[in-house]
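There are two complexes below, and they share chain A, which is joined by chain B in the first and by chain C in the second.
This part shows the complex of A and B:
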């Protein structure tokens, strides 16, 4: 999912007409001080990272003066939370909180629902997991008719909202439901939204996640990559996203796995399908090899997508091998993989002569696919050719992770020795 | 030179090599692996019977015609498959 930081989500809520605290994001203590002066009065300084439990991590602080805001920002910006460095802080007016509430809109994947679901509790401001089940109210929302005012009033009555505040809460929740739909959110959680001393409802926090598949409909969000990543996207991640961004013809997924591009023992990894990918990782783990990247060309992708993924996988510097891991009897016609692989290996192996390439391709059109590989790669696979370490396997080895891993390890060992002998 | 633009690739065929080709493997591959829009006219591959829009609609970017031509035909056909950002990625690493 494309996840917004709190300040970004709140900005989109504000643009949609929802009440959010006055505030701005800052990247330095000096900026934090300026924002606090602009707000005037006590402020909250909140570290902006994609991680929960920010209060417990000490990156949310309440202060009274701009100088204190600068000091709090300096402290928070020096921290790392769950491996993520804090690079920005949100400076917001301190709210006069009378009561905190919880609400979220999520996708309910249960068979009887398969719809958006509203979760609400009068116990906001804490982890929803720690709120007793009987205090959490849930409602599946009809995806066609939406969440109407009468639904909201009925729901709020059941949740124990007093009669004189029903209209206010119903209006707040129906607006959020509309935003959830219009922004194509996967998750929209406001924890807490608060009632101020004046009786106003305000979104005090915001967790907004956009459906990856809908990002193309929202250029206004400026999301450069719709992927779940632990931090900033790498160049390989961005290239991988460009393969998928506007091409829905099957999956052509590619992402970095933290490879430093110099360490030995890393394999350009090209699995076909998620479960198959797990088996391929078993194959690598069993022999002490590691994946340089993650990939997936399943769902019957077109040849050009398979080519792009394979080309990028093989373009990674200093890999010790390439594994096409088709550890399943695929329904997709595998000959598109075969054609794409022949094209890629003819282009890439002359640049990386002798690179071990273990190709496991099983399933629909397997015989024809293996024939395309054998015939197309024969001139590379000569004893002194750049493809001398290509090995091609089919259904006899479809679940044999041990054998495939051991073949790759043996070939990689030879390859490294050969490179070292040549002083590379 | 025949240039065919599919959705995200460009197929270039040096048709001067095609008359001498005995297999016409490209058209056979197009029929087997895709929708068979590549036809042989006067001994050469052609898409003249289609509009550019029809080529876009029918093209499946299977790459099979290039492989067929390379190994069974006259090595007359190449497909350009651009990858956004890859050249810069390689250049930064001295691999361009």
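This part shows the complex of A and C:
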């Protein structure tokens, strides 16, 4: 999902007519001071990163003057939370909080639901996991007819909202339900939304995640990569996205999985399809190896697309091996993979001589594909050649994750020993 | 018998003139599927591999009567309208072989088909095959491959992965079994029809003696099958293989549907549920035919 930072989510809530605190984002102590002066009075300074537990991490501070806001911003902007550097702070008016509430809209894929679901609790402000189950009220929302005000009132009564506040809460929740759908959110969580001293409901926080498949119809969001990434996009992520964005013929998926490009035990990972990816991970995890990246060339992609994905996977620095994990009897004709691989391995292996490469390719046009690999790579696979650790397998091993994992582990061990012997 | 499709099933293709629609129409027809028409607005009167093109689905119904199945090949961004069109025309089953559909559109489609009494398979399914009779979608790839690997027999097959929907039939074939019908349920996190919804059809089918499943971590489809079995609504041998058993929690994949979070949807939870309900868990896919041999009595 394309995740928004708090200040971005709030900006979109504001545009949709929801009450959010007066505030602006700043990227330096000077800017923070200016915003605090503009707001006037005490402010909250909140570090903007994609991580929960920001209060505990010390990146949310309440201060009284613009000078204090600048100092708090300086401190917060020097921090790193869960590996993510804090690059921006949101400066907001300090709210006069009477009570905190929780609400979120998520996708409920249970068989009897298959619809959005609202979760609401009068015990907001903390981690939803720590709120007792009986205090979380849930309601499935009809995807066609939406969330009606009278149903919202009914729901709020059950959740324990007093009579004189029913209309206020019902209106707040139905508006959010509408926004959830209009913005094509996967998740919309407001924790907390608060009642202020004069009785207004305000969104004090916002977690908004947009459905990747709907990003195309929201150019206003300006989302560059519609993908679930652990942090900011890496160079590999950007290349991966460009492969997919420019060519719609089959899937050519590529993303980083948190590999630091130094640690041992990482494998350039190239499965074909989500199912085979899972079996490939079983193969790696069983022998203590880890995937450096995630990739996928299924859905009958053209050879050039497979070539670009394989090239990126193999050119990652310091990997201990490469796995073409075709753990499936593919319906797609596999010779496109064979041709692409021959080209890539000839280009990349001379730069990484002896790199273990286990190639498993099964299914439609398998015999022809394996022949293309064997013939095309023969001169690379000589006993002293850069391709001496290439091994090629077909359908006899299509489900044998144990064997494939063990082969890769054994070859990787040899390869590391050889690298160490060369003092690298 | 088999389920859902046979050589009598009247099939149409929405988006028949696009690249994928046209190629798959040829394949489905060559395999023996009764493809009676297709739609592509403004192209009425044309033919695609001998199949007549119409402007709308209702036009086909007026011309040729009720439709059993519509296979849809249009981009995910405009799929909702196509599904509504088929449902409004009274098509009994709809299978969009399309990925990348916005999730809110999917939820609307599912609700709409329910109102109309239409069965929606997927979205994101690569198809269904009843070997020797008919195929919808692109499961099987081409006639030569489909004939080689999908042998007719007594095992119903579900696959949660499109790519893997050929693997279990192949493993079964090696182990001496054939398949009655193979279904890929689709890749999206919300599906119109889950395995549990279809299990009663395999129960009723006299040809099917057991069911084999290529399962994956994430979601709750396998747990729902366990409920159906425990409730006595499916009584034949049921064997699953769960991929991703070694995946650490939170590891993500290309399908949004296989994220393991907080124990829910984990391989362990699925295996335990199935075993408890009276089904069987295969450690590797190749164990599936061995278990079926032991459990099918005839």
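The definition used in the following text is that the second predicted complex is superposed on the first by the 278 of 424 C-alpha atoms of A that agree within 3 Å, B and C clash if a C-alpha of one lies under 4 Å from a C-alpha of the other, contacts with A are read in each partner's own complex, and residues count from 1 in each chain.
Rule of thumb we're sticking to: a contact is a pair of C-beta atoms (placed from the backbone, for glycine too) under 8 Å apart; a residue touches a chain by one contact, two chains touch by 3 or more.
None of the values given here were measured: they were computed from a predicted structure.
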{"item": "Contacts of A:329 with chain B and chain C, given as first, second, both or neither", "value": "second"}
{"item": "Which superposed partner A:411 touches (first chain B, second chain C, both, neither)", "value": "neither"}
{"item": "Which superposed partner A:143 touches (first chain B, second chain C, both, neither)", "value": "second"}
{"item": "More chain A residues in contact [chain B versus chain C]", "value": "C"}
{"item": "Chain B versus chain C as contact partner of A:251, first or second or both or neither", "value": "second"}
{"item": "Touching partner for A:399 - first (chain B), second (chain C), both, neither", "value": "second"}
{"item": "Contacts of A:39 with chain B and chain C, given as first, second, both or neither", "value": "neither"}
{"item": "Which superposed partner A:184 touches (first chain B, second chain C, both, neither)", "value": "second"}
{"item": "Chain B/chain C common contact set on chain A", "value": "none"}
{"item": "Of chain A, residues touching chain C in the complex", "value": "107, 109-111, 114-116, 142-144, 181, 184, 186, 211-214, 216-217, 228, 251, 253, 272-279, 281-282, 285-286, 294, 296, 298-299, 327-333, 363-364, 395, 398-402"}
{"item": "Complex contact set, residues of chain A against chain B", "value": "235-236, 238-239, 242-243, 247, 249, 261, 302-305, 307-308, 311-312, 315, 317, 335-336, 339-340, 342-343, 346, 351, 372, 375-376"}
{"item": "Chain A-touching residues of chain B, taken from the complex the two chains share", "value": "6-9, 33, 60-64, 66-67, 70-71, 79, 81, 83-86, 88-90, 92-93, 95"}
{"item": "Complex contact set, residues of chain C against chain A", "value": "76-77, 99-105, 107-108, 110-112, 115, 126, 138-142, 145, 149, 159-167, 169-171, 187, 189-192, 194, 196-197, 214, 216-217, 219-220, 224, 243-248, 251-258, 284-286"}
